[in-house]
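Across the two complexes that follow, chain A remains constant while its partner is chain B and subsequently chain C.
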Partner chain A sequence: MIVMVSGNEALYSNRFKKWLKAKQKVLLLGTLFLSIFLLIWQIIAMYYPTKFLRDAAPIQVASRLIELMIHGDWEGITLVDHTVASFVRVLAGFLVACISAVPLGILMGLREEIYGGAKFIIEPIRFIPPIAWIPLVMLLLLGFSRYVFLIWLGAFFPILVNTMAGIRRTNPTLIEVATTFGAKKRQIVSKIVIPSALPEIFAGMRIGLGVGWMCIVAAEMVGGELTGIGKLILKGGTLLQVDVVIAGMIVIGLVGLMMDWLILVLEKRIFKWRREIRV
Partner chain B sequence: MISDDVKVSLKNVSKVFGGLNVLDNISFDAFEGRFVCIVGPSGCGKTTLLKIIAGLEFPSSGSVLVDGQPPKPENYNIGFVFQEESLFPWRNVYGNIKFGLEIQEKSEDIDNIVEKMTKLVGLSGFEKYYPYQISGGMRKRVAIARALAVNPSILLMDEPFGDLDAQTRWIMHTELKSIHEKLRKTTIFVTHNVEEAVYLADEVIVLTKRPARVKETVSIELQEPRNKLSKEFARYRELIIGFLKDEVGIAL
Partner chain C sequence: MASKIAIGKPAMALIMAAFLVAGIVIGYYYAVFTIPKPTGLEPVRIGYLIADVHQSPFFIAYKEGWYQEEGIAPVKWEYMNGALEMEGLIAGEIDAGYAGCTPVMAAASKGAEIVILASSNKEGSAIVAKPGINNVTELNGMRVGTPGIGTIQDILLGMVEEKFDITVTHVDYTGAVSMLPIDLESGVIDAFIAWEVFCADAVVRGIGNVIYTSHDILPDHQCCVLWVSKKLYDERPDVVKDLVRVHVRALKYIQENSTGAQEIVASATGRTLAVVQNAWPRMTWGYHVNTESMITFCNVMIATGKISPEDVPDANAFVMGLVNESVLNTVLSEMGISA
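Entry: the complex of A and B
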């Protein structure tokens, strides 16, 4: 048993070494570019004409990040609390987007006339940015529904468009195969069209979640509560604390990236069959 | 099981697409248990003819009867093997072979049938593999097993081996032959490969160029197992190539 474990460990450390070697160049380049970026930031911060940015050089932002994580902000709300609050809101809006966009996308993909009719409503709305909805949201909605609505707006369209495209891209030969077995319309949809569109539906969901996450600041502008990573930025802005603002922005970026990456990994795992032949 | 019962009967079948005459007055009978190959120049409408027999398309005039009835896929009497890749990439070998049984909601022992079919095409042990993980020849076997699993009354094959390399194709010929000997399923097999037709068929129907008519019907009487290198084999091949040559107007 012990031998096996140590054997596995050796295997893993070996793999890690291999990975490190393969990625060496990328990692090196990444570090280099990041250093240059931080240096430029530092220089701009030092010589910026107003004082706000002078307090928000990389080092200050980093120490602010740590402070926010441990002690929290003015109200004592920690970074984790903020992130979790935002995440819950985004998840709620995203779920509503999935529930509404997937069935509608399937319907519009299957029925030309439904798409033909709906596109006159949907296509123009697609180009109204979530921020433009804010006055309306403030007047018409209250509480949690404000977050949900604004995030739904962001997540809805990528999911809808991808679902529709996936449905339409069904290989006609596969439908013919089902027809030769006497499949009914309902069976063709449930056994051929939807399974074959699933990867694209899933990809739409990934993009939708990303866009939904990017709508968090807009949503928390009108949300009213003191928590939320977007709220933190807004509070930081009013209190003229640029370091807090930038720290919050970094967290938004990193959390978004992480979600995207996690779902991508999941996607590759679920849709193994989609992978091309590998030697 | 070879008998004189007419299994598939075409009478004066014509098909017009837009203004284009594709099939012109085609008549022939395929008898129970026979292996019929249809050969003809590329683009002459062979696939259309097969789809009409399958009930996937309808003739502009004339009639098609399978078991004395117009073919309707809802009657579950047809097994079709397509020219192009037709496996469901999200289903493994087992799931693909099972598909027709699932569609027809048969109450029989599905696992048992799938197992038998998997064995028939020599893929036992590959049940859990996905199409992307197996070779082109294996994918064709799965498609054949899937078509046969529903116990169709006829098997229709549309240039199924067209995209395989010569060696794999050779193997598939032998295997298809032995499957046919086991099941004696009435088969209509479309190809433009004359050698393939002579090797597989009891009867070869030669079509003309578009609009396709029946040019000749050749009964292949060769000793089994057929030898692709034998003199008699070559004679049949030359004969059919001769018929086709007139049609394409160039040396084959």
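Entry: the complex of A and C
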């Protein structure tokens, strides 16, 4: 038993060494870029001719992040509370966007006439930024549904457009082969068209998720709830506390990155045959 | 090729599982964190503006637990500005709150069912100019930032222009009042007029100096007020009375214990004590609403198109119908306060 454990340890140690060797360049470059970025940030905070950036140096922001995590903001709401609230809102909006945009995209991709009829409504709406919807959303919706709607609005169109494009780009040879072998229309759609469009649908979902996170600050402007990273940033802005604003921005970036990574992992597991997917 | 790209049942199950987990997370959060738990007290959803020291009575009462003492479970709803707070009222999101009298009048003119019960603060605005400008007359021809056309501050700036026979360029910062000190420092504007604590913030940071206060422009003018929805006013007069009692206790505390009040407000709003201390002398705290100044503001709002004359043909009748101090007078009498 002891030998087994030691063997496993040796195996893992070797694997780690191999991984480290393979990633050495990336890690080195990553550290270098991060150092340069932090240095530029420090210089801007120190020498930029405004008093408002004095508290925004990397060390102050890091210490504010820790303080927000442990003690919370001036209302005692911790960074974890803010993050969880925003995470759930983005997740809900994104989920609704996936559920609504994917079937609609498939339908519109398959039936040109449906897209032709709907495009006069869908296309102009696509260009209206979520922030422009705020006054209307305030009057039409309440509480949680407001956030979901605004994030849905941001995430819906990238998923819809990518789904439609993926469906239309199905290789005609595959369809012809299936037809030759007597496949029915339903089989062609479920076995060829949709699976071949899935990579693009996932790409749309990743873009949609990013846009969803971008909408969170706008979405959290509308409600009166106290929690949310967007709300924290707005409060920091009102109080001219730039370190709080940057701390919130960092959290949005990190949580968004983590969610994006999860989609990539899911994508990699589903499309094992696609070599271009790297996590 | 087709069999290679087709996704199998395990992959489909994975997608479904991911959606299911996400759904459970959302459902759990919604059920646990967004549905208020029963406390035995009367829940009242109270709106206020982020870190606004004009609404100090609310911050003090909340911090001291006076709402609970009067049988109310306060649910805080925080807004970026008065217009958004009024939209919260119209949407049925809040029952009561603190806001500037101008957004309340704008909302009421559009049919919002609202009653103003008492004053929160009076005055509390000032003109802050960049170093080197010490007099209002020196602002002639310069760029002065305001929190937006038709705001109390914009109206007050217009009065200054008239009084001193000067003309300034009004630079509109609607929805971005916190940008005023930043743009004053960078030289985009030469001065700004705003409510506290943005003036105090600029002074404490050494960016500018207060050259004229709203007291100098229109003494004792109304600023923020305590309001309730008409629905609450009609259906729950007991709760409304409790709310007013809490408010009166807070105002009394401010009047009698200024230092303690400033400390509480600094800690509740995230402002530094130095900033709150600097702002404090430029605000006054009384119980009664100054309807006369509200009528002045209302007329200017009509003249600038912020309120339609069709909606408010008579500013005097409109303001008198909006303000109802009967509950306040009863509470003051019961508490033995003569004001």
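Please note the rule applied: the second predicted complex is superposed on the first by the 271 of 279 C-alpha atoms of A that agree within 3 Å, B and C clash if a C-alpha of one lies under 4 Å from a C-alpha of the other, contacts with A are read in each partner's own complex, and residues count from 1 in each chain.
Please note the rule applied: a contact is a pair of C-beta atoms (placed from the backbone, for glycine too) under 8 Å apart; a residue touches a chain by one contact, two chains touch by 3 or more.
The structure displayed is predicted, hence computed values, not measured ones.
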- So, does A:G30 touch the first partner chain B, the second partner chain C, both, or neither? neither
- Could you tell me if A:E225 is touching chain B, chain C, both of them or neither one (first, second, both, neither)? second
- Item | Partner chain in contact with A:K51 - chain B first, chain C second, else both or neither | second
- Which of chain B and chain C A:T179 touches, first, second, both or neither: first
- Pick one for A:G117: touches chain B only (first), chain C only (second), both, or neither. neither
- Taking the superposition as given, does A:L95 touch the first partner, chain B, the second, chain C, both, or neither? second
- Message: Going by the contact rule set out at the top, does A:K191 touch chain B (first), chain C (second), both, or neither?
- Response: both
- Larger contact residue set on chain A - chain B or chain C: C
- Note on the structure: Both chain B and chain C touch chain A at residues 174, 177-178, 191-192, 195-196, 198, 271, 273
- Item | Contacting residues of chain C [partner chain A, same complex] | 1-2, 4-7, 11, 14-15, 18-19, 22-23, 25-26, 29-30, 33-34, 45, 47, 50-51, 76-80, 84-85, 87-88, 90-94, 178, 181-182, 185-186, 201, 205-207, 267-271
- Which residues of chain A touch chain C in the complex? 49-52, 73-75, 84-85, 88, 91-92, 95, 98-99, 135, 138-144, 174, 177-178, 191-192, 195-196, 198, 221-226, 231, 234-235, 237-241, 266, 269-271, 273
- For the chain A and chain B complex, residues of the former touching the latter: 173-174, 176-183, 187, 191-192, 195-196, 198, 271-277
- Item | chain A-facing residues of chain B, complex | 54, 56, 72-76, 78-80, 82, 84-86, 88-90, 99-100, 102-104, 130-133, 146-147, 150
